[in-house]
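In the two complexes below, chain A is the common chain; its partner is chain B in one and chain C in the other.
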Partner chain A sequence: MERHRNSVTSKSKSYRMSYRSSLGAAASRLGLTPALTGRRLDTRRRAPKSHNITEKVNPEQLALLTKTEWQLSYVTPLYRFRHTQLKSYSGQLSAFIAAGKQQGLAVEVFDPQTAFRVSFSVVQGMTESDDDADTVLIQIHSKPLFARQDEPQKTVWSGLLTCVNANPEYLRSLPEYFICLPLFGSSGAEGLTALVKSWFQQSFDCCFGPLEISHTSLQWLMALWTNCHTESSIQHLKMIWTLPAVPPLQVTYTVNPEDAWELWSSVRKTRDKRGGEEEENCIDIEEVTSFMQGLKSHFYRHFKLDLSAGSLNQVSTALGSAKSSGRMKISNSRYMITTLALLTECALFKMPI
Partner chain B sequence: MDDSTKLFLQRFMRRIPSYMLRTTLEKWGRLTAAQQKSIDFTQSKWALTEALLTICEENKLAMKHLIELEMIYIMDNPNQGMWYVLQLLDPEDDAHSVELMQFKEQFKSHLKELVRHVSIKIKNHTDQAVWIRIAWGDAFSRPNHLKPTFGVHYLQTPYVFVTNLTSKQKPLLSQAVVLSTRYQAIKDANLSGRKLTAIRDLLMRKYQQVFPTKYPSPLAENNQTISNPHIVKEQAEPAANRLHMACKAFGGGALPQLQSAVYKLKTKFRDDPNKTMTEREEPFRCVVKFESTNLLESLRHCASSGIASTPVTPLLSCIPLKGRNYFVITDNDSGPSSQTHQPQN
Partner chain C sequence: MSLLKPFSKLPGLNSANILLVESEEQFQQSLADALVEETTFTVNVRLAKSLPLPVENEESRPRIDLVVFIINLTSELSLQSAEASLKCLDPGYFLGKVCFMVTNARSAAAPVERLDVARKLAASLHCPLLFAEDQTPDGVTNATERLLTILKVAAGLVPMATALYLSNLTRSTVPPDIEQPSFN
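Moving on, here comes the complex of A and B:
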């Protein structure tokens, strides 16, 4: 353990240095400053390709991924996390949770006498590039409180560790034995989430932190989802704003999907078709902000209320929903990869290294 | 007492909060003084229910007595459930001289003609309000007392407030009300809310509407933050103007507690920088819902603090002005149109 600690500290120092050198020092949050600072959110993105991952991914796992609302966190790279050791990790986490229960933690979820089972599984078929580590799903099964004797065990807690389309330079700059799975999602009781996180922190010397979805990311999601309307109908574009009045005023602004699509198309810049398909599929941040501005102006014209005075809390369409508190639901498996890529980027961006 | 009466009492006891029970029973007046004294109100609800059941059986009380009890409770606590407002139109010549007794008799007889099995109870409340409780049955079944409709009509006004009215029952109630009040038609007033007192006050302007014009400066804040005196001086007049216009639109003082307002917009998109959308013929369809614990206060605060530009847009000031909180806005008229809306039940 001692040796492990030392090697980690020395590795983390070299890791910090190599990371900095590969991506530039100062963090710029707005993403629009010129190229000196490297570390910023992309200002251009590829339009979401619909990936038919239903064929590549195990349907049970896919169902879990699309039906759950995940509470997101970022996690720093894991030291010596091996995808081959998942069975042993299940056992270790089980023991850790059992010890926690003995101490009286997480008793509100399932009573101390009930047996529970932890399973770690790999989700094959989600990675785009070879650099990305495979996604890992964690599930805790148990009989919930007040269940009858003959009721089968249900999943009471699920967790997700993933990395989609991370910056390859960054990945290659990581020291040996570090695995990057920066996006962590949890669904279930808070007590269990805390237990799982502390086990990870102890075993892999990593740090967790909350991942709020920023206003810019919410706008990106809005635009990216609306862009998909011709392929899969978004059914509605709903935004929830909170204005700082006394008492607070909540505004739910729902736009008809066809009209949202028309507005989106009207703000897209004409592109030079000679650039090829890749060029055509790119979306610039200016288009995203024009889209949002159009929606706000239409609102202002009617109500003389400036939505910029408030904050955007939630964006949802039939393809998924995202809340600024960091809760995310991806309802359509076709766009899962692209949405997770955006969130991976947010997680990497938010990491305090 | 038969089973359905017992069930009714049990349901009622589950619903009423314990602290209200004593006063409601006293107002009901069907328990003797000794019986009232004998009830230990500190018991659990279940025990209280049993005690009350025994007493009611002793007094040989029936359903018709119990529904009085329920009505007393609802009349004292009207701010629950969802209330919708209906408005009577085109009064006949004698509409204004309809008296209480006349209305009661007429309403009962008209509704009984329309619905074979129905149980109607009418009580008048203190402030010109007539409360109506209707338990609906049909040609084959007896009235269902577990899901009664409540209606409140203020004589001398064209308004009827209803709660728990299904879409099948609505035309029947409407017909009976129209005939008994001597009007010709009835429509949705497009106003709904959880608090009966709030929507009533909003509609009948029973709150301080006009802001006293002699108010010289913005209201003093409770927490005096240290602010730059130059800014304060510069902003004093615009702030006073905003406050004045906000209060002109919504009223000064305490405002009725509305929870939400919904606007269905079907207007053309107009944002001059965006030429493509401006030239588009079709409307830009969207729905905007405003929600707050006290919507009118939030909106007034938006106007006075500058979040909303003043003068307040007619779309928002329409809420207190016309007493509505559901609007369908099209390009045809400059203000909100008065299209009808079916309240969801």
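Moving on, here comes the complex of A and C:
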């Protein structure tokens, strides 16, 4: 018996507002409260513009952002998180980690040399709109276990809290003192990640959760990266699929960038031109699925294996790589903003009400 | 191409025939084992990977009372195979004798869009959409019970109730805002 419940409490209504699309297509709600499962990702997206953020962002921070592979999670809005108090947060977090490490396995003697030094820093120049909160970078430095006295501390763990191009109405609908930084990336030891998350949960009353990159988002990333081929070459388009055979079959499917670009542009040309310059910059979900369908049917023609039976695990190009388990690496700083915007949307989508 | 017809053969006495169509051929095994445990009437379970059914068995096959399409949401092929098989059913089946059963709807590997497609498919054909959990024996038992309820009516074993009548109550609907994105 299938009945769809349309009851929504008033508290959750503020988290699920939407506005008319930027192109003016009528999507006015007129007070219709959406059902609990009525959350969908965008079906149209603007083609990624290359932002030259190398001037605006500190080069060290940029290097850190592009060289690390981040494990993604979503975060609910933080209560009373102030960008002005980052120094005190650093002190609190290092004390928390020291206490946490002591409480755990009592293997190492507490030595001030191996103490953890935490630094919070703000990354200026990454926000696209005024409503977004500034990105915060967290780094934990410590000396390796058998280091000499004068060796400098190295970064053992880095974290990233960011919000790029989130829905402004959602941001305005948050209660006072709440800051929305929904995307959290971590790179380093699991134990440190857990400690940092529990400190955040204690101090700012938020919740963390794993963010898997769904099949649709992987397809979007593939299409958006291929779209950028003319400006900065993607060098290869590599996909890793897992097929449910016995034993499970892993397929690595690498496509020449020129061929991928040809397929992508032919998919875009067959779409009816509705005119207007803005329309040309938008990519529909149908184009993305037909791009993927073209790649799959090519594979089937040669190997008689239908990739639809399996699942897409990883997509990587020279501009970055994304795994369905939630690991993400953005290698090119020019498309950092648009990729982070897509991931922010995924994080907001996955956040529980 | 031979269509499967609902009323071309005579029904059996105190028995019901159910056809489980699944492209992975996994859940249908455990479901079939649980379905034949039913004692109040005879349940004949037939399994298929996809339609159309082989022509050789045309004569010996009894009248199929309920066709269940089992769709695994983590695999795109499963959904495509079910959609292709729908074309081989006589339209008479869609008056309450077809049911969709979906597994792994909550899995992280199943994108929300695929569930939307399955929902729209079931709603457009006025068929019930059941969600099942296939990994635990409890889940199999629950799915079996729900299928038996619909099967009894479809086979005509419940007085004063027909499959068409029941389908008005059980058919799945699509939420009105299914097309609208939340965060535009």
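Following the convention adopted for this analysis, the second predicted complex is superposed on the first by the 293 of 353 C-alpha atoms of A that agree within 3 Å, B and C clash if a C-alpha of one lies under 4 Å from a C-alpha of the other, contacts with A are read in each partner's own complex, and residues count from 1 in each chain.
Here is the rule we go by: contacts are C-beta pairs under 8 Å (C-beta built on N, C-alpha and C of every residue); 3 or more make two chains touch, one makes a residue touch a chain.
Just so it is clear, the structure is predicted and the values come from calculations on it, not from any experiment.
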{"item": "Contacts of A:Lys197 with chain B and chain C, given as first, second, both or neither", "value": "neither"}
{"item": "Contacts of A:Leu348 with chain B and chain C, given as first, second, both or neither", "value": "second"}
{"item": "Contacts of A:Val267 with chain B and chain C, given as first, second, both or neither", "value": "first"}
{"item": "Which of chain B and chain C A:Asn167 touches, first, second, both or neither", "value": "second"}
{"item": "Partner chain(s) touched by A:Asp306 [first = chain B, second = chain C, both, neither]", "value": "both"}
{"item": "Contacts of A:Pro244 with chain B and chain C, given as first, second, both or neither", "value": "both"}
{"item": "Intersection of the chain A residues that touch chain B with those that touch chain C", "value": "244, 306, 309-310"}
{"item": "Complex contacts: residues of chain A adjacent to chain C", "value": "1-4, 6, 16, 18-22, 27, 29, 32, 34-35, 37-43, 166-167, 170, 212, 214-216, 244, 306, 308-311, 324, 345, 348-349"}
{"item": "Interfacial residue positions of chain C with respect to chain A in the complex", "value": "24, 74-78, 80, 108-109, 111-113, 116, 122, 128-130, 169-184"}
{"item": "Complex interface listing, chain A residues touching chain B", "value": "243-256, 259, 262-263, 265-267, 290, 293-294, 297-299, 301-306, 309-310"}
{"item": "Interfacial residue positions of chain B with respect to chain A in the complex", "value": "263, 265, 267, 269-271, 274, 276-277, 280, 282-295, 297-299, 301-302, 305, 307-309, 312-313, 315-316, 329"}
